[in-house]
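Across the two complexes that follow, chain A remains constant while its partner is chain B and subsequently chain C.
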Partner chain A sequence: MSEEIRDITQMSMMDMVDYSGINNPDELRKLKERTPARIGIGHTGARYKTLPMLRFLADQAAASDAVFTEVDEAVIKKLGVFEVKTKCSSKYEMLTRPDWGRIFDEDQKQIIKEKCVANPQVQIYFGDGLCSPSIGANIPDLYPAIRKGLEYENVTVGTPFFVRYCRVNTARTIAPLLGAKVTCTLIGERPGLLTSESMSAYITYNARPDMLESEYTVVSNISRHGIPPVEAAAHIVDLILEILEKKKSGVNLS
Partner chain B sequence: MNMVLKTRLYGKTYAFSSIKEVLAKASELKSGDCLAGVAAESTLQRIAAKVVLSELTVKDLRENPVVPYEEDSITRLIQDDIDENVYNRVKNWSLAELREWILSQSTTSEMIMEVSKGLTSEVISGVSKIMGNLDLIYAGRKIHITATCNTTIGGEGVLATRLQPNHPVDDVKGVMASTLEGLSYGIGDAVLGLNPAIDTVDSTLSIWKVLGDIKGRYSIPTQTCVLSHVTTQMEALKKGGKADLCFQSIAGSQKACEAFGISVEMLEEAKNMFLENGTAKGENVMYFETGQASELSSSAHYDSDQVTMECRCYGMARHYKPFLVNTVVGFMGPEYIYDTKQLIRAGLEDVFNGHLHGIPMGCDICYTNHMPTDQNDAETLAVLLANAGCHYVMGLPQGDDVMLMYQSTGYHDDAALREITHKRPIKEFEEWLNKWGIWEDGHLGRNAGDPTIFLKK
Partner chain C sequence: MQESILSAGIDIGTSTTQLIFSRLVIENVSGFGMIPKIEIVKKEVVYRSNIYDTPLISNEEIDGEAVRRILENEYKIAGVKTSDLSTGAVIITGETSRKRNAREVVNALSELAGDFVVATAGPDLESVLAGRGSGAAALSEKTGSLVANIDIGGGTSNICYFKNGKVVDTACLDIGGRLIKINNERITYISDKMKGFLKKKNIHLSEGDRVSLSGGENIRKLIDITACMTDILEQSVGLVKKTDDLEFMKTNKLIEYDGIPDIITFSGGVADCIYKEYDDEFKFHDIGILFGKSIAESTGFKDYLTGNASETMRATVVGAGNYSMDVSGSTIEYQNCRFPIKNIPVVYVDIAENDIDSLAERIKKNAEAVKDGEKHKQIALASKGIRCPSFEQIEQMAEQITEAMKDDIEDGSILLIVIQADIGKSLGQAIKRRLGRDKPVVCIDSVSCKYGDYIDIGEPMSSGKVLPVVVKTLIFQTEEGR
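For the complex of A and B:
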């Protein structure tokens, strides 16, 4: 049988409206347009109608899978970068040991040192973070655009690589290891039900083990549902140029 | 009298070096306590710690706060608030005796609330560690704590709800849309309370106005609140803005409070400002949120376990006679509360421990997408807490927060919980709902789920 049931995740949330028993359908439509929140979905007894219930389950499952699945090695290969991993050896460890998700064993540090150009002005690397699909969904557009933008301004960019089980604070190790002035960590962010492929850029000047959290400059919500990758790249390039010039980042920048 | 911190189980000796260690090792398994390196090393060691704990007295625990009195303003607040007469009456009770007294059929809510005045947060944390999940529900359901802002929370047979109409960019029309929808499911008797995306005085003022206008236009017997930083709300109040409740997130040590940018004195000042210039009719004008392990996340836990540090938040909260306190139980992440089992335990502990401190305790029954949990887990915990005397729960459009990116209980869920457990909204609010045909005869009414009833000319 070739027939199949429609893909309920392709339905716009704006169209997920139930007008049955509604006094003023036009007004409900207007309310719905004002928020991405799941309103106007009807009810049966004090429970959800079946379609909105299933859509919620699908969106939550996508978010959960985004966290708990691994970035496929084929994705990394396609990006043409090498891979290292933090001290964590599983998603479980990554989620429960934030202290391990920021450090590397010696052999991994050696790989980074051997394969990367030393002392770049800007070191960019990718991390799975809390959202594995964000790598394949955003990096192919995001990274080349950042690199091109920086090189156009005669800024030297280091060798990119991928970090598995990566937390933002890996920057504290990477920057001193490679002698980078600025680090830019492109990392998957905790997914919500509206999107499960967003990433953030954490940019910092002179990252080091004893730096403050407030020294990160952050661009978040990068995805086709939020700030599109190419648009985000332009913004990130501007920020990096400003950070290089002022020799500081995060709250110190403003 | 000397404390004994050693016991044997199946012939093996288990010795502990301090009360702080006994408290931590006696705690049910939490990933946060493992991360902090204070959790029991085996299940039997955990039980040994519970045995030792059960023989310690109220006095032992009071005299050994997990953060020293001299070093910490929260410890001082908790210790100085103790009613010495009540304390002297119960100081020689062992925790085993305290547990059995709480669970006894002849012990009433009033009696528990009286004894509560003599218990420090460490005592309350301790007794909860020798209580099973059903103990926490059984004891919790008989405790009723009332507090009055515009209406009174905590009546017997009432399950109240906070309407949480968050929006990604605080769009006032979007906030209004979610608020009207929530009202149409009978949500919002505890508070109409928004977490702002943008923590500024202007944004706080504009949301106060939207919520205040809705409350005024439809004469809704409830209270309003914007959950920006307390200093932002104080500024907004000075600029002539109007709200009923003052919100702040709190933590269980001075150092952790400093990480939140707050102090004991600042909250006192905020409370007085809201009593004087806010719009509340009653004397309970504070709303606090907490959550296990916020102290650990700012390295301000003093090698203490997360249940005990959480209890100290309640010890702090009760000083300000709050209208609402809720734990945001599953928001901190899997490094602190890993899975469903830990989430359920934490929710039951927090609500019971809040009650035993004498505060009207609610729960944001929630989870993030980086925990191995889903909506079924939130629903399960909601049914447990509705039966455990939980004063209020959250209500969000289908349980999804489109600003904070986590899931909690939905408008529909709250209505279903009330129907299943035969609970009602706060009395005046129920009458208001009845007038609009939203809640009738203990279940959703003919107009339920239709926010457009508020928009007809």
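For the complex of A and C:
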């Protein structure tokens, strides 16, 4: 019996293809090159074949894990930032009480205020959101590239930190708390079957409790499967510069 | 938001001179929350000129003034001013490009075609432009077949193989409809290459000989010659066994791709002669019609004559107007540069995740080869790059590149980087952080080029997000890999 157990999630979906019964394999290959969607993977009657079925279950489990697992404290330590949490006390609560995922208890607000530089032009912080693995996968390349880019343009960047059980609208509290002109929330985005480590950047000018959702400028799909974190960072730098200059963000920007 | 630009294509060929104007529509095709992705979404020929005989002063010289008059008149008819043009390509093709004053003529015409111009083409690029213009490239993409386009002009035949819309090989032969010219039943001109070929084949025919369509020895010789030319074309695409005639007639290189085309399309002036019947076979005062007839009757090509080129006569000029330009990626970085930047030779380097620390050394070595002793030569640094590098790797790459190009940058050269992977902006920013705001830097991505290519970069479009780019493959492929 073979000792080796194959990790079926290692193969790219674009390479998983079943040519049996296909008249024109070249055409199918072309289609496969254009999309990571589950096409051309064969079938047995109306059902999946074994490998695609197992892969589907594996990807779904990874997506589900990405939502429910906690970001390891070691990951945060390695990033060298401090941690606070929203009013939620567990992942489960964060999912069931979105309203609590955007507000903080007083003691947490105090920590943020004490540890952060006040009145930065740009405040960047990280949130687990709906995808915990995205923090460790993207922040080490994404954050320093944004910071270096902004500093080169003489923009002051505040003290970064990590928010556990975080939703995007934490920005409404954090911006006034620290007196930040622009907030940039780097947050895990809802995973799918293709990637379970994608991140989005929500950038807004003058975030405040009564702001509109449409005031967020979003850059999504940041991951090694989507937009490379370093390239996304360079784009975010330019977006932030534009937002600072025009003093507005979101749909008002275009 | 859509933005449309006007492009000119001008082709001065062995037999004909033509002009087209086309409209290229560019648009941001990416969705909400995505990084912009600006692409050319539509290409449309909006004006086709008459087809003119290329004016020559002698067999060695183009009549540049006459060409200019033709073009200026066409501009007037079309109602187009030079200032309306964002891009364009003037190309001199076939035998004409070997005329003594070819380069001066193109340079003199540049101002007519707007600021952004491909000055000369070369056989490889010509083959590609004709193949794209004829619709062969699109056909290969649609069908997934291996499609060969043979563009038969007056002096040369340009062959291009396409698979899935991409160029896989090119070739060029000194075969065309105007290698022999006839006027008033008398041979008035035989090209040097053809003279050599006649000698090789032991066919006695010279300028001044009488030739009559109604019969005689000499017309039979001409028919034999066109049959030979057809045979060489068949050899070139692998339909019949190769002989040394093929080698003799090659311009620069032959097809090396292993595989017989599924579809062959014909374009160029002679292509029309394949499909049409003519009463007077010397109507064009050359052997084009006889040649076309010979192809139509050939056994090798018989199965391929489906007539599916969407452009025949105008394939090259449509290719020049529509397909020479592309746009860079939409996340790029540039500063302190005046555009257009033209005819920059490409220095290619490989970059892998584990060999960035030796990048500077390799850049210097490869740049040396391209500069060939010329110290102050502007070069473009090209690489496939790394698909998803870490921040550390970007910093390292920037460090190595600025180190390797130190002297060039001091000399006032533009630090010009062309990367295929989508990392142009991050690399560009990292480089700017090292060089400061004064040095000219261009760092673009999503453009692939290789050793031996030349690159033109035009003025920024789409509110500065993208740069138009023309990659010119001028040098014979055999030097590849240096």
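Quick notes on this one:
As a working rule, the second predicted complex is superposed on the first by the 251 of 254 C-alpha atoms of A that agree within 3 Å, B and C clash if a C-alpha of one lies under 4 Å from a C-alpha of the other, contacts with A are read in each partner's own complex, and residues count from 1 in each chain.
Going forward, contacts are C-beta pairs under 8 Å (C-beta built on N, C-alpha and C of every residue); 3 or more make two chains touch, one makes a residue touch a chain.
Quantities reported herein were computed from a predicted structural model and do not represent experimental measurements.
Three-chain overlay on chain A, with chain B and chain C fitting side by side and no clash. Looking at the shared chain after the overlay, A:141 reaches chain C, while chain B stays out of its contact range.
Judged by the touch definition given at the top, the superposed model places A:130 against chain B, while chain C stays out of reach. Residue contacts after overlaying the shared chain place A:27 against chain B and chain C alike.
Contacts of A:209 after superposition on the shared chain: neither chain B nor chain C is touched. Once both structures are fitted onto chain A, a short way to say it is that chain B and chain C open up an angle of 90° at chain A, using Cα centres and rounding to the nearest 10.
In the superposed model, A:39 lies in contact with chain B only, and not with chain C.
Of the two partner chains placed by superposition, only chain C is touched by A:235; chain B is not. Counted by residues of chain A touched, the larger count belongs to B, out of chain B and chain C.
In the superposed model, A:220 lies in contact with chain C only, and not with chain B.
With both structures placed on the common chain, the touch criterion links A:149 to chain C but leaves chain B unconnected.
Superposed on chain A, the gap between chain B and chain C at their nearest CA atoms measures out to 5 angstrom in whole units.
Of the residues of chain A, those at positions 24, 27 touch chain B in one of the two structures and chain C in the other. The residues of chain A lying in touch with chain B in their complex are 21-25, 27-28, 31-32, 34-43, 45-48, 52, 56-57, 60-61, 63-64, 66-68, 95-99, 130, 190-194, 196.
The touching residues of chain C, when paired with chain A in their complex, are 32-35, 144, 164, 331, 333, 387-392, 394, 421-426, 428-430, 432-433. Interface residues of chain A facing chain C in the complex, by the touch rule stated above, are 24, 26-27, 30, 140-142, 144-145, 148-149, 152, 200, 218-221, 224, 227-235, 237-238.
Those residues of chain B that touch chain A in the shared complex are 31, 34-35, 165-168, 171, 173-178, 180-181, 185, 333-335, 338, 368-370, 372, 374-375, 396-402, 405-407, 410, 412, 415-416, 419, 443-444, 447-453, 455-456.
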